[in-house]
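Multiple structures are listed underneath, in structure tokens.
Shared between the two complexes below is chain A, which has chain B as its partner in the first and chain C in the second.
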Partner chain A sequence: MVKKLYKLGLVVSLGMFLFVLFSDIHNLDRTSKNYLSEHYISEGVQETGAINLVTSVLYDYRAFDTLGEATVLLTAATILAFLVPVTKADMLGTTFTIIVYQATKYLIPFIAVLGVYVIMFGHLSPGGGFVGGVVMALIPILLSLTYGIDFSEYKLTPNTKKVVEDIGAIGFILLGLLAVLTGNNFLANGQAGFPLGNAGELISAGLIPYLNVMIGIKVGAGLAIIFNSLMKEQ
Partner chain B sequence: MDMIVTLLMIFLLVTAFFMVFTKQTANAVIAFPIFGSILVVLFVIFQAPSVAMAEAVITAGLATGFFVITFNKTKDSRKE
Partner chain C sequence: MELPFVVVTILFCLGIYTIITQKNLIKIVLGFTIVESSLILIFVLVSYQPGGTAPILDKAYHLVVDPIPQALALTSIVIGGSVTAVMLALVIKIQKRYRTLNVDKLRKLKG
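For the complex of A and B:
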């Protein structure tokens, strides 16, 4: 009884806290404090070349924060792969019928095409590097779930995934350093004079598509490493 | 449209409370993607397709996979 009341109280207090927080945010002074978001909305397409404003904030105005998020994922994947030094793989205690195996086989090409599309069109349509990377990471995860972890690691060895993740992490920083070479800030895109192209075309927006690709392969490989490390057992 | 939003919000509350107060962990694990799917529909209605995509892929897909694997690997300590 006391435990139930405790849980109920926790939920109610969280709800009250969120209500106060959101009502405060909602009642902020509207005219004076949101010049920054108005600048993003009105000038974002001209300054960055990306139609998708979320991507233009994530990979141009606030690209350094994206580097921080990617570093968090890299650290988690590295430490998990380091802490689980087990070579013997353990299957889940489940066997599937042939329907599951065949469906997985025919599903994987579609998942791959969807992931590549979401990554490549990150600056034109909803999506972007993180979502596309997670979609790409579902391929080795599906392989480990249905065919077993041995087959998955035979097809995509852990060393390959580690190398791909490092290529993504280092490539992001090198692309950021390109702007430094031209005499501008780290990860500058439009200000550094990279050709922005026509807004709305596939190859436009300067560095943003390449940053998307780097983040995509980094997130995909990192999540696959985390999943396989968690599945292994002694 | 307003009625649909209200209904979805009520379902969101119901699934959230169900996840917290259910006795068995398996029920909470399976209620989690339902919560995520309702949230995806709400995000699409409120015209935030990028967030909806991230929510659909990460919450309803990946996190549920992690939870199912963890649930499979661990034992309920109260039953022993």
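For the complex of A and C:
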């Protein structure tokens, strides 16, 4: 009882501290000039060619940050593949009616189209490589859930997914090294002289759509590996 | 005006309370995800401006919110998902080896 009260008091004091902290964040001087974001908003479209400013921050100004983020996902997928070593796959004991199977069969092409659209239009509309990759990862997940994990791994073997994920990771780094070949910084886009095109068109913004594709296939394959590894445990 | 920050504080404290009081490992992982979602809400609140639109400059815009917290929130979501997956895999390993999820019974080393 005393222990519980002690924990409760600890949490309440943490809450009071956090409330003071968050109120300070709230009362920050909003009228002062915020040079970094002002620069992104006023110059971002001319400098990167992408009209989605979040994408221009993620894949141009802070692309190195995105590389680290993708590395975290790659590491998680690798750890899961090592930590949960399963030689025998677990069959889900449930069988569905024919409606579920047919609906899944007809749903998968639409999911693929939606995922490719979200990835390819990442620099023009909300979305991008990460979101589109999650949508693409739904395809093997749906196959595993309805048809069973054996069929899913027969269609897309774990080695295939691993190779696709490695292609995404290596392709991102190679695209970044393209900028080094022209004598600029790693992952430079506009400064390296890649053609930016007209802002708002599909083929524009230099390297950004290709980086989006690489991140998309990498995130999709990584999430599929993570889901299947967690589900296969017997 | 201060209400969103109160909600975020309560969510954060709920997550921490879950982590330090619960005995079940799955519930502890749930506590971690609650803390993480409260931090994502902080990102949303920091970049909020009344009347602002999303930072996509495709048509006439009046006021655009700050794009940097949104990019950081994306980073936080991806890393949070990866960390949660690794934590769940470790929980699976613990369950297979010790046949229990209670942290009090995991004290003694085995083998």
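The definition used in the following text is that the second predicted complex is superposed on the first by the 208 of 234 C-alpha atoms of A that agree within 3 Å, B and C clash if a C-alpha of one lies under 4 Å from a C-alpha of the other, contacts with A are read in each partner's own complex, and residues count from 1 in each chain.
The working rule: a contact is a pair of C-beta atoms (placed from the backbone, for glycine too) under 8 Å apart; a residue touches a chain by one contact, two chains touch by 3 or more.
If you're wondering where the values come from, they're calculated on a predicted model, not measured in any experiment.
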Original post:
Can A:200 be said to touch chain B (first), chain C (second), both, or neither?
Top reply: second
**OP:** Report for A:57: first if it touches chain B alone, second if chain C alone, otherwise both or neither.
**Re:** second
Original post:
chain A residues in contact: does chain B have more, or chain C?
Top reply: C
Subject >> Partner chain(s) touched by A:135 [first = chain B, second = chain C, both, neither] >> reply: first
**OP:** Pick one for A:107: touches chain B only (first), chain C only (second), both, or neither.
**Re:** neither
**OP:** In the overlay, answer first, second, both or neither for which of chain B and chain C A:192 touches.
**Re:** neither
Original post:
Looking at the overlay, what does A:18 touch: chain B (first), chain C (second), both, or neither?
Top reply: second
Original post:
Taking the superposition as given, does A:167 touch the first partner, chain B, the second, chain C, both, or neither?
Top reply: neither
Original post:
Touching A:4, do we find chain B (first), chain C (second), both, or neither?
Top reply: both
Original post:
Can A:37 be said to touch chain B (first), chain C (second), both, or neither?
Top reply: second
**OP:** Could you give the residue numbers on chain A that contact chain B in one complex and chain C in the other?
**Re:** 4, 7, 11, 52, 54, 126, 130, 230, 233
**OP:** Would you mind writing out the residues of chain A in touch with chain B in their complex?
**Re:** 4, 7, 11, 52, 54, 92-93, 118, 126-128, 130-131, 134-135, 137-138, 141, 145, 223, 227, 230-231, 233
Original post:
If you look only at chain B, which of its residues touch chain A in the complex?
Top reply: 17, 20-21, 49-50, 52-54, 57-58, 61-62, 65-66, 69-70, 72-73
Original post:
Which bits of chain A are touching chain C when the two form their complex?
Top reply: 4, 7-8, 10-12, 14-15, 18-19, 22-23, 25-26, 34, 36-37, 40-41, 44-45, 51-54, 56-58, 62, 65-66, 69, 72-73, 75-76, 79-80, 83-84, 124-126, 130, 200, 219, 226, 229-230, 233
Subject >> List of chain C residues in touch with chain A within their complex >> reply: 1-2, 5-6, 8-10, 12-13, 16-17, 20-21, 42, 45-46, 54-58, 64, 66-68, 70-71, 74-75, 78-79, 82-83, 85-86, 88-90, 92-93, 96
